[in-house]
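So that you can tell them apart, the chains are marked A, B and C in the order they are listed, and the count of residues begins at 1 in each.
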Amino acid sequence: MGDGARFTLRALAEALGAGLEGDPDVVVSGVAPLEHAGPEHVSFLTDGRYLAAARSSRAGAFLAGPEAHGLPATVLRVAAPRLALVALLRLFEEARPAPAGIHPAAVIANGAFVDPAASVGAYAVIEEGAIVRARARVMPFAYVGHAAEIGEDSTLHPHAVVLERVRLGRRVIVHAGAVLGADGFGFVPHGGGWLKIPQIGSVVIEDDVEIGANTTIDRSTMGDTLVRRGTKIDNLVQIAHNVEVGADSVIAAQAGIAGSSRLGRHNVVGGQSGIGDHIVLGDDVVLGGAAGVVVDLPEGGRYLGYPARPAAEAKRVWVLESRLPELIRRVRKLERRLAALERPGEGAGESASR
Amino acid sequence: MGDGARFTLRALAEALGAGLEGDPDVVVSGVAPLEHAGPEHVSFLTDGRYLAAARSSRAGAFLAGPEAHGLPATVLRVAAPRLALVALLRLFEEARPAPAGIHPAAVIANGAFVDPAASVGAYAVIEEGAIVRARARVMPFAYVGHAAEIGEDSTLHPHAVVLERVRLGRRVIVHAGAVLGADGFGFVPHGGGWLKIPQIGSVVIEDDVEIGANTTIDRSTMGDTLVRRGTKIDNLVQIAHNVEVGADSVIAAQAGIAGSSRLGRHNVVGGQSGIGDHIVLGDDVVLGGAAGVVVDLPEGGRYLGYPARPAAEAKRVWVLESRLPELIRRVRKLERRLAALERPGEGAGESASR
Amino acid sequence: MGDGARFTLRALAEALGAGLEGDPDVVVSGVAPLEHAGPEHVSFLTDGRYLAAARSSRAGAFLAGPEAHGLPATVLRVAAPRLALVALLRLFEEARPAPAGIHPAAVIANGAFVDPAASVGAYAVIEEGAIVRARARVMPFAYVGHAAEIGEDSTLHPHAVVLERVRLGRRVIVHAGAVLGADGFGFVPHGGGWLKIPQIGSVVIEDDVEIGANTTIDRSTMGDTLVRRGTKIDNLVQIAHNVEVGADSVIAAQAGIAGSSRLGRHNVVGGQSGIGDHIVLGDDVVLGGAAGVVVDLPEGGRYLGYPARPAAEAKRVWVLESRLPELIRRVRKLERRLAALERPGEGAGESASR
């Protein structure tokens, strides 16, 4: 994309540290997958399975690893094509630097601190005692509550909501509409109804975390709901109060983690998965889409289904479920044949029919 | 309910092109379902199953099709009562025309184009290079990002977020809190953590699409995430990057479609359904609530459950699951009876007892 | 955690009406769970199961019920420790009174009524005909639509959206990003596509209801979508048009209730549960996480799974599903043994081998 970014293949090869096999003077103006690419695009082959597709692609050039041969245009040859693709996309990404300073239509409370190197957009609100550190970017309609803290180089996209005392580390990205620090959902039964338990804790988001659009992460009853370093969270995810998510994990869209659960490091939580309350997950747990975890899973590994089972077992159950009608027929037949055997004087042959 | 809209039945019959059987001078001030209607309401019978309920309704008048007889008040007789009900509700809908022009508390960047016939509310932000076409309505707190485009007669409800370069066609409705164009969720494993893949594509929404409150539609890695003409999307739906949704489809609340999946035309996706990544669905696919699609479904038809199966098969599985305890008992009994037969000298009769 | 709130145990005992066993002059500055508490914290024992944990806790004091003995620090003794914990947390909650009056950067339309004792924050918008009653708090970026009503002592958190004609009772809490009154999702098939059914009804939220962040409650086609008194709703919940939720219920995160369903009193709806359209639930229904209700459940009780079944039955099905591989093996073995018996002249012994 890029409004008009254009590169020669020579320039791309230099920027990527790639070998160049073919015409270095070809100019490309975008990146596209194999089936959509035209002569103006550089395409990419990050998985050998697509070699046939690459050979029939109309791309003007290919980014490819050491094994891909017979490609029909100039090749940018790299050792690690997936990482190189990230670098390639960055070159075509539009560099739109954040406007420096504070937009006149932002409201900064007395007693808030905004670093001079931070950027605050139109109609942002930063409440008393809040801290916005260097190179942080607070986009229009973002809200930074009382005594909240936005770390260096972090970005709040439009309409992101960071409520009071929530603390974000460095290079955190909060997408539009995400809400960090709403009250945890806690009530005590009282007189036939429910009494609200004050949620006096907060939320801590460590460095390099990314939080998707309209995701919600609740403040804890006491202490902090915690998302550790490097974890990436997709859209519309719910993280309840007192939860702790380990480092370098990935949580896909619409997953939900109920109160007080603790996830280890490097988990992968599939879309629409649910993790019950007070559950403990170990490291390297991988949950398939819509899995439902109702007991602790201390061991890493892949789990599927509801209730979540080890993947191989879950798949076997799914296959066998489909065979239930056949199984019932077999049992019925067994019952008839056995009844025939039990009745002396009747032949077994007949009962085996049907 | 219309602040005081009142019509004679004569006026309604004319507006709807309906036959009138009864008193044309009765005045009604609202529309209500059969069980809640009073003499001041016109009610409606769009399904013959409710004829008995209609006959005991207190409604002041009925909108009904050709077959409904014996109704206890004046009848507005039409050939297609469901379509006529839409027209009837429109008559009672409050006409609140959008205020013309740009509210003084909106921020329009230099280099944004807002058609003079568009309406922009208080605290809307329209960034540089954005285009808002004729009769489009941008309500308070809506955000139109850099170089985004809002087509003719489209509406952004309060707090709708349309991020950079996203393009909306004509008569598109975006409800409150929806986020179009947040970054797709793409990362490459790197050094034990995750490296963000730049998402340099965008989102295209074709004409006559409706997008529910707090729904999220992510921008693609390259090219466009695409929702085709006439499709209706409910609240809290997730549509991931690179997805293509076919025309005239319906996607109910909290459904999720993972990355790069392609849906055909005229699909109906049930609430809380999930469609895995890189899945292809044909035309006229109907997914029940909470269905989970993990393989391509090229054929139209109705599917249920997780994993999604043809509806008849899924229902059979559900019934047979409930019969598993019974099935296990039957197998245990068979084992006992067979063991008895296998032991020469013991009678079969005894073994048949439980 | 209270910026510096500090209490002597004497003061806490007085405030809570608690007995005091130990040193009344100890000062505490926060509340913490047993495992995290230090000498500066008061901790709590609301469940006898944690007595051992309490005995090894480093807390400076304990809030405990009549049975807990042998605790290693001063005890605040109460009859009902869970209720007393709520009171204790309230003491440590930061009292940040809403700023009185209307922020200069709020837009109040002509013809809106804002009680002089209400608080309206920066960048709030209150449309024509809206009513904001005494001590209501409308926080930054909250939207109050045409003729909407916010009852006494209710709070709209930042970015809450209350659309036209929606009515909130007293002491209602609407968390950030929640959308009340977006159009219900109703369409009539028409010419291969879909015709929008005008949604001319509204939403009524009764007293003491709490609504979570980014939750959506749609306006009804006619009449009102209704949430009755005292009900608590978590984040990212979808409540469709024409739904009625009974009093004193609890609906956990990401649950969804489809159109026109009616829930009785004192229901507990688990996270990610789904209730189909036109479903009727009785009183005291408890749905586990991710349950899917597809038929009426007039009886109270606990239900699990999809489709939702009485809890005992669902658990049995889950266990037996896991035993399906074994069951199939047993049936296969029965078939072999039976075939051997049916073949005269062959011995049963052999066929019993696997």
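Keep in mind that, in the parts below, a contact is a pair of C-beta atoms (placed from the backbone, for glycine too) under 8 Å apart; a residue touches a chain by one contact, two chains touch by 3 or more.
What you see is a predicted model; the values in this text were computed from it and never measured.
Chemist: Please state whether the interface between chain A and chain C is built from the same residues or different ones, using more than half shared residue numbers as the mark of same.
Modeler: Copies use mostly different positions to touch.
Chemist: On Cα atoms, by how many degrees is chain A rotated relative to chain B, nearest 5?
Modeler: Rotating chain A by 120 degrees superposes it on chain B.
Chemist: Roughly how far is chain A from chain C, centre to centre by C-alpha average, rounded to an integer in Å?
Modeler: Between these chains, centre-to-centre, one finds 24 Å.
Chemist: Got the chain C residues that touch at least 2 other chains?
Modeler: 123, 141, 159, 177, 214, 236, 254, 272, 306, 321, 324, 327, 331, 334, 338, 341
Chemist: Note which residues of chain A are touching chain B in the complex, please.
Modeler: 1-3, 30-33, 36, 82-83, 85-86, 89-90, 92-94, 96, 103, 105, 121-123, 140-141, 157-159, 173, 175-177, 208, 210, 212-214, 230, 232, 234-236, 247-248, 250, 252-254, 266, 271-272, 289-290, 305-306, 318, 321-322, 324-325, 327-328, 331, 334-335, 338, 341-344
Chemist: Which stretch or stretches of chain C touch chain B in the complex?
Modeler: Per the touch definition, chain C meets chain B at residues 107, 123, 125, 141, 143, 145-147, 159, 161, 163-165, 177, 179, 182-183, 185, 187-188, 190, 192-198, 200-202, 214, 216, 218, 221-223, 236, 238, 240, 254, 256, 258, 272, 274, 276, 292, 294, 306-307, 309, 313, 316-317, 320-321, 323-324, 327, 330-331, 334, 337-338, 341, 348-349, 352.
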